[in-house]
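Shared chain: chain A. Partners: chain B in the first complex, chain C in the second.
Entry: the complex of A and B
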């Protein structure tokens, strides 16, 4: 049986990875909570598509399952939970604080992306040429995501940054570990849901007790003042 | 079979707490019983490992070697003493809340313990990562138990920062899997990892290590990724801190320690230096920061950071001698630090203040709490004749015998500094004239039991290590060598 031609799938995957990175930069540029949730949904869709395409390239049914799990948990369950529990917080039309200007933040994020490419360069050459975009892009999203958490001051955008980071790790993961046992994938998906539930409930509690969720402004716990 | 039981018991205990118990005592008692059963099972597993039996739970999923057995014994012992301490602490008048809150506390306590027990038992590396991550998530609400704005803030910092770390660690774990696949591994277990380790591409493993050290280092509280730790420690209830400090030194560095046999492969030697440098930075920073703390819980928080650093330095030294010191250090730190937190918890109950300056003459207020606090302070800072002295001595000897004179010398200096800092603060707390009149309420009995129970091994193992334990530690050290 001739090996099916997967060049097209590989090119599509490249496009997917590029969009994935672009969307994550949107997480830094946006000023609204709802937008950052939407960005996360879009990012998860791209992750699922990339998993499908790489599954096609490797001929690995595992990755089809990963795509399905991603869509169910990250596109449906998590946004649903957030809307239920934190609806008012999410739909707030106010602008979310960011501790540096957006242009500066974007420039730093671009620099971090370059850094991720630099770190991953020796490893990329070891992977199959055309799905290798996943490695540096995933790493870049991981680093940019953590930067997004650091510059954001509100709870929900921080949570979105965290979820974006996990997506980044998975985007890199599907290209290098396409046959991870399904139980590990399921457990990881379960883990992401727990993160959202725990941090979602904590956000709600902070809101009830303190009246706002600008966690960046909570600085009662400082060394030497207590 | 006993391994499966070890995983099921905390799960059952946790679920049982959800039943509508009317008595506020029942959930605590149940957790203590579960703790006794777990510790007995762990001792059983330890003795089976010692007799050379391979303890396998489920094929390539759940297993336990000598190092895992030491972790298991450590975790279940502290789990037990912490459960006993909880019954008096959470049930004390200062803390007494609605029964529902008490039940929730024990549900989360058991889930937290489950995630900790799962770390050494899972043989699948991806599942170990998940267990470590779940141990964060299970403990977030335990840290936030007081529900004051400060506690919620600390819990948020704890959850977000350690989850950031977990994402980095996830990529590291996946890269490790990639390296194993390239080398022809069939599954993702520790045994398979050791089998193919010589064929794994060194650059990939090195990069994986960067992500693993950053990721699990955040969870362990390695400087400069430690910022969440003192805050969380200043807010969480004392019995939770006893467990949390075990997570920092057992669960979080577990994956990195289990990877030590790889480091003798050509191309991976620099990782030794990375571990030593990271470790020394942590020990040094923690020792210096200890001088300026105002709260005694924070003092012990920095002491945990110091010990995490010592464990990383020991990991970096390499060799069987260092592995022995490392394993012993994990055990001795867990035993001693949990005792310290029980003592601080008792002090908090008696005096109602977290400030070092607010407590004077604790030995007169309560001879038991004051005495154990002083013993704990001496023990944790490595004074003879306590157990930490022996384990730290072992690590320094290992450093000298592997000719890492500078690192071993710096380690000695920092440990002495930390000793001075801890004693300076504790001296003022334990001796002197009490500020408040001696409290009329005596220490609850369960607190006294927990204090006494945790003091026994700290004092005895410092004088001599019983033969079975010594053999188990030796086997554990051998399992970390090539």
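Entry: the complex of A and C
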């Protein structure tokens, strides 16, 4: 591996990590379902690019496979499936409910990002200096994704939060485990598809039964009473 | 030293005479993108020329503030031009008279007087536009401060020339996450400050929806020309800070030859056009926000700028 190549790749990877964090903040800030799906696609693209760059840095073909799997599953298959199954719900141009105001939610997300940086500080020392941004950013996205699940009241944005969590975990993972066996990556990618299929079908059923997917209001055991 | 002063004044001349062209090209592109024919790219020059040959009308109730404001609006961007790298990568004669925060305050002073003048005429739309502008700019102020704190913190200075040198110095500074976030926050700030579409519609002529335009409604003749020219120069100055200091600090003249400084004029102008193209695309692909959604827009910008500080602070 020529050295100057990889330093540039490392710098590009820093840029990717920055954009990844920015896009995740966008996931909290957006009000429309379609926009959040697009943000997820963008986030997955950034993850794939980052995997490619780190693969270049470590000279590890496994990470190229990770990038390819990410592109195939998260950029094409999952959005395609969601569009097929949940078309009307997704294209609804109404605004999605969020339980706190958007500026407040963003401030909390920012606090969580700071927390992630703080917690990851000892671990960052263990990774190569110039791809160190992946660890804290990935962890931050993991936590912010779970926060998105908490504050969103509808099923599809919650699903997006779950997928963002998964992306964050991957982003952190590829920087510390470049030689993860391919089978593990495949299993993880397959898992995500299964999760999306199950949750997508469930959401569709809920939608068919009660006409909306506002999870926050599903607090009765029997249907047809509210 | 004399050439340093000379280049500094060359910068002012460039900003004075190219800023209407920049504005003209942007409005042309915007109309083109919306499948309209659009005005000539020299339209802003024609407007300014025409207005300079018209008489001025003043309301009886207005005071000296109303007469004084156009001059201030015209002069403020010129002062800022003296402080920022428009053509050269090395500091010029007046570069250390003030930093980016100082430049921001000079622009804010002009904005403040423009709002006062809008209230001064007792035209109801003027006061409404002025109060809205104040709302947008007091929300933009913390973003502005945070962006410059981040820049100061990262580069160790708020003098724009030094900041620009810092980004050029190594690609790891340039591609750092905090830099990306600062750039995004500053772009949102430019959108708010120049009254572009997610915040305000610059070509709108419906008084009730106006934010920025309504302040200069009462001006006629020379006053209107100066206000128009001043706002074109403010756009040029903000774009220059954005492209020459923050995003793409290349293409500026690095030596003191007059030829390379002259060559920097078209190069920097092309860079500004690229920034402008991004702004035009943003303007054409979003709809205008409701008035009280602007708080959210600038809230997001504020969060992004804080994230920039935070990622930098905790990185090492």
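Rule of thumb we're sticking to: the second predicted complex is superposed on the first by the 215 of 226 C-alpha atoms of A that agree within 3 Å, B and C clash if a C-alpha of one lies under 4 Å from a C-alpha of the other, contacts with A are read in each partner's own complex, and residues count from 1 in each chain.
One rule holds in what follows: a residue touches a chain if its C-beta (ideal position, glycine included) is under 8 Å from a C-beta of that chain, and two chains touch if they have at least 3 such contacts.
This one's a predicted model, so the numbers in the text were calculated from it and none came from an experiment.
Of the two partner chains placed around the shared chain by superposition, chain C is the only one that A:25 touches, whereas chain B remains out of contact.
After overlaying the two complexes on the shared chain, residue contacts for A:149 are found with chain B alone; chain C is out of touch. Between chain B and chain C, more residues of chain A are touched by B. In the superposition on chain A, A:72 makes contact with neither chain B nor chain C. Interface residues of chain C, counted against chain A in their complex, comprise 171-172, 174-181, 184, 295-296, 299-300, 302-304, 306-307, 310-311, 314-315.
Across the complex, chain B meets chain A through its residues 124, 126-127, 130, 133-134, 137, 140-141, 144, 147-150, 152-157, 159-160, 163-164, 167-168, 170-171, 174-175, 177-178, 181-182, 187-188, 201, 203-204, 207, 230-231, 234-235, 289, 292-295, 298, 354-355. Contacts from chain A toward chain B in the complex involve residues 119-120, 122-123, 126, 138-139, 142, 145-146, 149, 155, 158-159, 162, 165-166, 168-170, 172-173, 176-177, 179-181, 183-184, 187-188, 191, 194-195, 198-199, 201-202, 205-206, 209-210, 215, 218, 220-221, 223-226.
Contact residues of chain A toward chain C in the complex are 7-8, 10-12, 14-15, 17-19, 21-22, 25, 29, 102-103, 106-107, 109-110, 113-114, 117-118, 121, 130, 132-133, 136-137.
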